[in-house]
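Next come two complexes built around chain A: one with chain B, the other with chain C.
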Partner chain A sequence: MIATTPAIELRGIHKAFRFFTLQEVSLELSPGQIMGFVGPNGAGKSTTIRILMGLLTADAGHVRVLGRAMPQEQALAKRDIGFVSDDMRLFGNATLAWHMKFVERTYAKWDSRYAAQLLSRFNLQAEQPIKGLSRGEHVKALLLLVLARRPRLLVLDEPTSGLDPVARQEVLSELMDVLQDEDRSILFSSHNTADVERISDQITFIDRGRIVDSRDKETFLERWRRIELHVRDGVKLPDVPSVVDVNGTGRVATVTTNYYTPELHRIYERAGVEIHEVQRMSLEEIFVANVMSSRKERAR
Partner chain B sequence: MHSPLNISQTDPRPMYLQIKEQIRHRVAVGDWKAGQEVPSIRALAAAVRVSVITVKRAYLELEREGVIVTRHGKGSFVAGGLELPTNLQEQELDEHLAAAARIARLLGLSDEELLERLEKVERSMVKK
Partner chain C sequence: MNDVSHATTRALVLRLMAKDVYLNRQTMFAALIGGLASLIIASTSGIGYSIGSISFITTMMAFGVVLAMFSIAQERKDRSGMFVLSLPLAPMDYVRAKLLGTTLTYFIPWSVLSAGAVLVIPLTPLPDGAMPMTVLLLVYFLLTFSVMALVALLVSSEAKTTLAIIATNMSLTFFMFGISRIHGIGWGLDRKETPTWSGSFFAVLAAELAVIAITFAIPMCFNLRKKEFL
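This part shows the complex of A and B:
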């Protein structure tokens, strides 16, 4: 059945470059969901996206997008994929209307009414030449051109980077609108964790060419906690496997856990350590703590 | 269509909880009436601009608490029953009191001191 086929499926992807290697990258995105793909600069986000778009061939592993093998069946798959990356450029001397006509001729599913709506919601002028557009308008023009094709999968490489707050809200609203249809999916990479935290269902962290963690957002936010402890003199902090970081050497210690449960309270109580405060963490804090602990783990 | 809820990014509560409490508040004050259809998960997610999974979680908990009922294939509705609004308001009050008690503990106040403060607040409200 088409509906249960993952929108994106990457298994054991390897790709070696001279100074960078993508290792064991596996990802899965179900239809109807948004995945935020988060990583520091140079982590491998764009390389992964280019492999899944069939623009690069992996050294090992397999890629299926909308049920099609990539890069072999990319011509078929791409009819249903809308791809925007921040280094794409439209023709500077042509107008947006010219580009719209161009895409309309190529894609049978082009929706002119939706295109007209997007034009007004994004505050764009169809007759304006592309070279006169601001950076934000250029990104919105690119998005309009893919959204009006009504693709089943949107792949967006840093869609909100460099946008002003108003343009960012306009773009995020449009993305959420796409998701009203349960069969459409979005993968977007970003280092703006606030955007990712707000609209993503699934979150994948990548660092130094490897997937650090990938799961649904609510699980991330529910499991990670920062806990402030009061440690009396002579009492030793118990070793807890889910604690990924311990900070402080005096009477106040702060620990970070990636799997918070009530059991933790009992463990610390039994050891004679008082839990002073339990804090939730933002996605940004979780991301940084996750990357730091995985780097520490790998250095061992 | 219902007016969308407001999600604050500076609110320390997680987003699903903000959604849940705002819906509960709307039901408690009677803006959303028993039997009324509530927006679908995807429609609310789009209107509030938060992920589907976050709204889904809020709806699941509201169902578990009996605030809304979901009829398969038909959508979600505000639960019936006349006793509900007062019940919810009491629940809301309890939550505020729990929050006050937590802060009092952080400040090291005794139960008596906390009660005294509550009485003082009440007296000052009567004066106004």
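This part shows the complex of A and C:
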């Protein structure tokens, strides 16, 4: 397969359930990229991931993973995919060593030395039965099993969910190390924007079954601003297309823009509005503002 | 998929079957011990035969239910099935591996205990005429297991599964009552010194094997059309 083939390619995915519908979901992940897939609980992250893993079949649309059509070619595609989900469990009655042996026999690329390193780094005991592991240890065991077989694509569905801060730090640090391999792609779903901001270079927001926005992290951080304005009596705030939210009444107003440029200053100055402060926004603030403006847009 | 892919999938299916045997080894061992102990008790005369027979039937039926519940339903409930589905195989391969693996896990103790049950008759004072009924009963255990495995694979509702357990257990009573009244199987032949392999015996045996074959075929066909595997 040539290196330019997208690691993940979803086009116009539609999947209807009784109380939830995934609509027109399209996203693309290039080789070597790390995409943070962010959305509130019930937004459709896990459904999208299960469709791309071949575990659910979409009602409409096309899915290709590592150049393979899904779900038809999932057995071949999954040889190079490492998938970890927050609700995935290992066999409680078996030990981690048994699981390592099982995965080693399944994947030719299993790296025993790296597995031993991860075992030590994650402070896991190979001979301990899985049912005796804590939640954090269980997640680390799952990550060990996928990382040591060196997959070309990692699909991680809320892997840090329910972990204590120390375990989360360990998991994220290991993922950062994995990123050194430029050919490996990662799709990392979470509702924890701090985790996503730390490791992703591309961000996709999903809400109520629809993709709200998708672009690289720097563009999000550069474009979104919160601007505090002083509005003189009798002056009306001008309508600016890039402003997605306006708060406050009277002399002080705060606007949120999704496309901040110096031109914005000129527009407000011309209207007689004084810009008091321009604040950068965290990814979490951008996520919330993005989702809220998208909901307002849909409600119109 | 090419030949190499098929070979890889086949190897993985075999590993998953071996996994089921390994993870259920304690249940298998318990069934073997319980079944063999029951046969020893049954080989004594009088009350021992009754106690041993009831204990043997209970062991075989309970083993089937426990296996279907713990090996199939529990794997779905505790989400370890998700781990298997992340491996390089299609959901249909998973269904096949699960069905074959669980059946193999049941079949190993079943074949040992069935051989033991058949051997007990000629080696003890029990009338050899009871052999055909015993064989049909042993195959019926396999049938109830296959029905329970089918239910565990297709039904996720605990209430429906419980209903199926009750139904299969009750069906055994009707089955035993039914075949004991069929001329050429029960009806006094079970008290004779030589077994009679009548046409009725082979007809019931064929019906049992047909039901087993159908219960194996259903999950394969059903899952081919199923769009959700979790």
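Quick note on the criterion: the second predicted complex is superposed on the first by the 299 of 300 C-alpha atoms of A that agree within 3 Å, B and C clash if a C-alpha of one lies under 4 Å from a C-alpha of the other, contacts with A are read in each partner's own complex, and residues count from 1 in each chain.
By our rule, contacts are C-beta pairs under 8 Å (C-beta built on N, C-alpha and C of every residue); 3 or more make two chains touch, one makes a residue touch a chain.
Computed from a predicted structure; not experimentally measured.
**Student:** Tell me which of chain B and chain C touches more residues of chain A.
**Tutor:** Ranking chain B and chain C by residues of chain A touched puts C first.
**Student:** Once the shared chain is lined up, is A:Ile275 touching chain B (first), chain C (second), both, or neither of them?
**Tutor:** Neither chain B nor chain C is touched by A:Ile275.
**Student:** Could you say whether A:Leu237 touches chain B, chain C, both of them, or neither, answering first, second, both or neither?
**Tutor:** It touches nothing on chain B or chain C.
**Student:** Quick check on the superposed pair: does A:Val288 touch chain B, chain C, both, or neither? Answer first, second, both or neither.
**Tutor:** Touch status of A:Val288: no partner.
**Student:** Is A:Asp177 contacted by the first partner chain B, the second partner chain C, both or neither?
**Tutor:** After superposing on A, A:Asp177 lies in contact with chain B but is clear of chain C.
**Student:** Should A:Ala194 be classified as contacting the first partner (chain B), the second (chain C), both, or neither?
**Tutor:** first
**Student:** Residues of chain C touching chain A in their complex?
**Tutor:** 1, 5, 8-9, 12, 15, 19, 22-23, 78-80, 82-83, 85-91, 93, 227-230
**Student:** Considering only the defined contacts, which chain A positions touch chain C in the complex?
**Tutor:** 50, 53-57, 71, 74-79, 81, 83-85, 87-94, 98, 102, 105-107, 142
**Student:** Within the complex, which stretch of chain A touches chain B?
**Tutor:** 32-34, 169, 172-173, 176-177, 179-180, 182, 194, 198-202, 216-218, 221, 277, 280
**Student:** Which stretch or stretches of chain B touch chain A in the complex?
**Tutor:** 7, 9, 12, 14-16, 42-43, 45-46, 49-54, 57, 106
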